[in-house]
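So, here's a batch of structures to check.
Look at the two complexes coming up: chain A is in both, with chain B in one and chain C in the other.
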Partner chain A sequence: MLRFATLRLGRAAITIALVVTFAFVVLRLSGDPALIILGPEAPPEAIAAFRKSWGLDASIFVQYVDYFGAILRGDLGRSMRDGRPAILLVAERIPATLALTLPALAIKIGIGVPAGIYAALHRGGPVDRLVMMLAVAGFTVPSFVLGLTLVLIFSVQLGWLPSGGQESWRHAILPVVTLGTGGAAILARFTRSAMLEVLGQPYIRTASAKGVAWRAVVTGHALPNAAIPTVTMVGFMVGSLIAGAVVVESVFSWPGVGRLLVVAVANRDLAVVQCILLLVAGTMVASNLIVDFLYGLLDPRLRAGGRAGAH
Partner chain B sequence: MTHFSRRDTLRLGSALAGGLALPRFAIAQADNRPSITIAVQKIVNSNVLDVLREQSNVGERVFFSSLWEPLITKNWQGNLERQPGLATEWRRIDDQTVELKLREGVKFHNGDEMTAEDVVFTFGRERMFANTEAKNRSTLKAFETIPAPRPGKELPPEIPAVARRAWPDLLRVEAVGKYVVRFYNATPDVTLEGRLSRYGSDIMSRRGWEEAATYLDWARKPITTGPYKVAEFRPDHSLTLVAHDEYWGGRPPLRQIRFVEVPEVASRINGLLSGQYQFACDIPPDQITGIERNVAFEVQGGTILNHRLTCFDKNHAQLANPLVRRAFTHAIDRQAIVDSLWAGRTVVPKGLQWPYYADMFHADWSVPDYNPKLAQDLLKQAGYKGDPIPYRLLNNYYTNQVATAQVLVEMWKAVGLNVQIETKENWTQIMARGPERAVRDWSNSAPFNDPVSSIVNQHGPNGQQQQIGEWRNDEMNTLCEFLETSTDRAKRKAAFRRMLEICEREDPAYTVLHQNATFTAKPKALKWKASPAFAMDFRPGSYGA
Partner chain C sequence: MSGLDLARDAAPLVAIRDLAVRFNGVPALRGVDLHVARGEAVGLVGESGSGKSVTWLAALGLLPGSAAISGSVTLEGTQLLGAPAEILDRTRGGRVAMIFQDPASALNPVLTIGRQIGEALALHRGLSGRENAAEARRLLELVGIPDAGRRLSAYPHEFSGGQNQRVMIAMALAGGPDLLVADEPTTALDATIQSQILNLIGEIRRETGMALVLISHDLGVVAETCDRIAVMYAGRIVEEAPADQLFLAPRHPYTRGLIGALPPIEGARRRLVAIPGTVPDPRAMPPGCAFAPRCTQAHAACDRIAPALEIIGPGRRVACLAETAGRGSAPTEVAAE
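And now, the complex of A and B:
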């Protein structure tokens, strides 16, 4: 177990180091923050002063070594836009993002999983066709198109809900529905496929032949076995909680981490971008670890370290 | 003896509480002024509300004339001509000194009265110049002690640089009396009054600065004299201003102005149509017809103090010959661009100048005429063989930028110029030196009403074009120095004309395409008139009148 955890954590650390390095190289080689933040009409002496102040006049290698060293010391740097610690800026935005992504995750799981199960249990029927039609539509329509369509209907035409902003819970409804719809569609398709595969297995037929009630067959045998791909997908969605709403936050003017990331990348505000990337990478790694452990709970063969499959 | 029971005491207490509360309630009820919400693409770029750090068009919109005010202001409802602001009158002591009489009874947002002390502080080292020196300073530095900034109050490094660019030769500002100040320049300068009206010369409360714990605290809620004061600023999200009822110009017509950041144009328009916003700014020209199809809405706005240019790098192998650059300038049908891409709602200006230059404006000057035959002849004389000329382009940093570039390339192609677009991501890539740098886009503003603020600052020896090594002309540089220091207005005007001839005709550094414009959509029922600028004027008399 210790070896398993050490290996996973080591891999996670390498992944994060690569992400940080990649982002640094791409951002620093593709634009000068001084010129971007101060603008093309800024006096040359102002740009020079800005560069000197933030160490941008040093060689790219020196900047990288300084930056990486600071991260190892736990210093994630300061925003070049307002001089505050990057971690503070990001932390301020996390609640706003979670206010969208957590309810959206509940919608994804609450609608997607039951819809997928129901469709699988009624394969070929009108409900299955309807669910799959909606799922394909939800999966293929880009979130900005769905978001703007919802605004046109519920804000412009009906006047029921605000079109953007973050003033009250009513402002969250449309972005949460936009975020939740696509995810629910994905989960419905995954769950249906997994269920159909499991329902065709011999042990399901055996259980039915033994006279086990169909409800018990589904809940006791089919669902746990079909859960693994669904858990994988849910794990990915949990990992995207922090930065998974970039487009929706822009469409609905929601001041979350996604919007901060867009603005920080556009301004080459390196410390803020890196801070968000570290957070996202950390969340994703933690989510993957949890999913790995859940696999073990759901499948005894995996709990035995894969040895069960060798017998 | 009168006895008070517990019930009586409670009744009395309630009556007293009610008595205290009622007047306030009545005041609140009496304030039936409207509040408005304005959707903008960006509130500020730098996350602060400091006029010296946020030097941008978007900043101009939220700062003027709601929050910050200068001693000499612009007529935002007219043609931006100079008019008294926080100073009621001014006079020249000599070519290097201006004396101003301050408006009495002006109250800052913290209730303090504005005095000469605040003006002196605003133009001092702690707030503006740090340890920078006037360019032509002749006095000895040793006599002056430069105070070290207090911890947390260090200015961002670009502020002194920006301030010095705005006031290159300002020696000091002195309080002559409680309401009289003098500005001393190191050299003769006819533009001092203009500089006093420019973006960044706005007055702040000294106590407001001193009471803020850090620069950032101050810059997020500056104490100024404008008709509205900062109630809440959430960077990248919203800025809420509330009425400053002690405003010297009268009671502001709005109770609250809320700017909200809505990056997507479709979301801004939807919010306007649904009634969530009263104003939607930064409307692209191609959306105007769609909005005005709804008879309840209109799009206002128009030209601003900013021209779109195409810049040339004369070091490029094909552009070294000025005849080729001249061919570029004559191949452009500017009016076609204005009519097709701007729905005719902007203009082709008279070169890099604005009518508000007043006596320095050359009304008989014009951009090079559209003459494809002449362009072809010039290319023939230059011996141009059709070698490719790169055109570095950003993806719509400016409104209609990509569409304009595509039109330009076709127009140039029609006269025989082989111009090839290279899409870049940011300004660093656009300006990167090298043999492939040739043609690029830019825009120039005029912060005050003199060519020193535009052609000298942008294309002179300290301007960006020369600093990044794109272009240089010795005669132009001599004229720049003359324009900055001469007090002979007739000779200055002649020098400016010669500069236009050099930069736009003989040895083109750039060519002006059209004046820039900004458009704001609003319900027709709202009585408000857009200024010929990014600034949005909500002072008494400018809204609802």
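And now, the complex of A and C:
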């Protein structure tokens, strides 16, 4: 068990280190922050001073080592744009993002899972076909297209809801629906196929053959098994609570972490981008660990330290 | 094996009449007639795809909704085909229990075996709590699982294949059924475990008097265990006889082929004879006898006329024009079912 945990934590650390390195390389090679922040017309002395004050005059390797060392010490750096600690900048945006992604997650699970189960149980029926059609539409239509379409209908044509901003809860409705629909569609498809897979298993026939009523076969025998793959998908969605709304936040001018990321990348505001990426990688890794733990609960075959088998 | 005819004359426990099944228009069963008397052991033999399993899955309403089923299946007079769910749920496990080929995948991987056995006990015997656990433990001991009390909280993956089949048997016994349908119960197990499982089923039958339908592609397995054997080919029963007679004097050319393909246990080693050809495609059944294209004794009429399953002696039926017409007795004699 200890070895398992150590292994998993080690892998998580490597994942995060790779993310940090990758972001550093891409951002530093794609543009000079001094030029972007000060503008191309800035005097060369100002640019040199800016570079010196942010350590951009050292070799890229030295910058990388310095940067990595700082992260290990818990120092995530300051925004090059307004000089405040990057972590503060990011932290104050988190509530706004969660205000979109948490209700959206509720929609995804609340609609996607039951729809998938129902479709699987009524395979080939009209509801199944409708769910599958919506599911395909839901994840082939990009979220910005869906978002803009909703704005066209409900803001421009009907005038019912605001098209952007964060002034009231009504401003959240369209972005939440946009985020939730696609995820619900993916989850419905995923749950449906997991359910169909399980319903075709011999142990489902065994349960029926011993006289278990169909409803109890579904709830007592099929669902616990279908939950295993579905939990993976939900875990993935939980992992993207922080970073999953980049496009939608941009479409609806919602001042969340996603918007901050877009602006920070455009400005080559290295510390802020790195901080967001760390946060994203961290939530992903954490949700993966939770999924692994849930696997153990759901599937006795994966339970570490189980009883000795009789093989 | 005396008393067999008596058993057949008495009201049967299960009577299957003219049972036919189609999957998306493709016939899987083409009119099966089979009776099982109380306490009797019937073997159902045939190649895979001949309809052995489908017969019993259809009888218990365990086929998917896409299967078109016709005919009649009665359990002591109660019609099971198209019966309401409550009747089927009470029958399954309570009156007729079924065990399957691959015990590892036939048990739910995420539930303890105690819970899986206990579920049947709760459904059919109304047991709960401590009583339920005690009875589950007794059943597990009965089927020969050592350390039964502790093993109730184990999961199927913690058992071997043979042990899982024992668990399946314990689960099947939980409802106190009148009939156990064992669908290839030993096919996935190795030879020594095979005979242990067959012996266990035999012992339980002696103790409980429960009837048995043993479905197998293996004539040898069925011969050891059953009083009466029905041979299936391409969705029909082609021959039915008391076990000893079937081996001494098989009448259908297909049965003769099957027996010819068995290695002799005693005497000189001889070359095993395979049946030439393959099973007909169910989408393109020959108009006459389904076995005619592979039959060494087929004549012109066999390609045109599908033979009925006719009585040719006490407890014996065969569906073969050469056998029924060639005997010189009335060729129009029809099974008086």
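Criterion: the second predicted complex is superposed on the first by the 303 of 311 C-alpha atoms of A that agree within 3 Å, B and C clash if a C-alpha of one lies under 4 Å from a C-alpha of the other, contacts with A are read in each partner's own complex, and residues count from 1 in each chain.
Here, contacts are C-beta pairs under 8 Å (C-beta built on N, C-alpha and C of every residue); 3 or more make two chains touch, one makes a residue touch a chain.
Everything quoted here is computed from the prediction, not taken from an experiment.
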item: First, second, both or neither for A:74, with chain B first and chain C second; value: neither
item: Contacts of A:221 with chain B and chain C, given as first, second, both or neither; value: second
item: Chain C versus chain B, contacts on chain A by residue; value: B
item: Which superposed partner A:250 touches (first chain B, second chain C, both, neither); value: first
item: Touched partner set for A:126, first chain B, second chain C, both or neither; value: neither
item: Partner chain(s) touched by A:44 [first = chain B, second = chain C, both, neither]; value: first
item: Chain B and chain C contact sites that coincide on chain A, given as residue numbers; value: none
item: Residue ranges of chain A touching chain C (in the complex, touch as defined); value: 201-203, 205-214, 220-221, 224-225, 228, 298-301, 306-311
item: Interfacial residue positions of chain A with respect to chain B in the complex; value: 30-32, 35-50, 52-53, 79, 81-84, 144, 148, 151-152, 155-156, 159, 162-166, 250-253, 255, 259-260, 262-263, 267-268
item: Chain B residues touching chain A - in the complex, by the definition given at the top; value: 45-48, 55-56, 156-158, 160-162, 164-165, 215-216, 234-238, 260-264, 266-267, 270-271, 273-276, 425-429, 431, 442-445, 457-458, 462, 464, 467-468
item: Residues of chain C that touch chain A when the two form their complex; value: 57, 60, 62, 85, 89-94, 97-98, 100, 102, 105-111, 119-120, 123-124, 154-155, 157-160, 163, 168, 171-172, 174-175
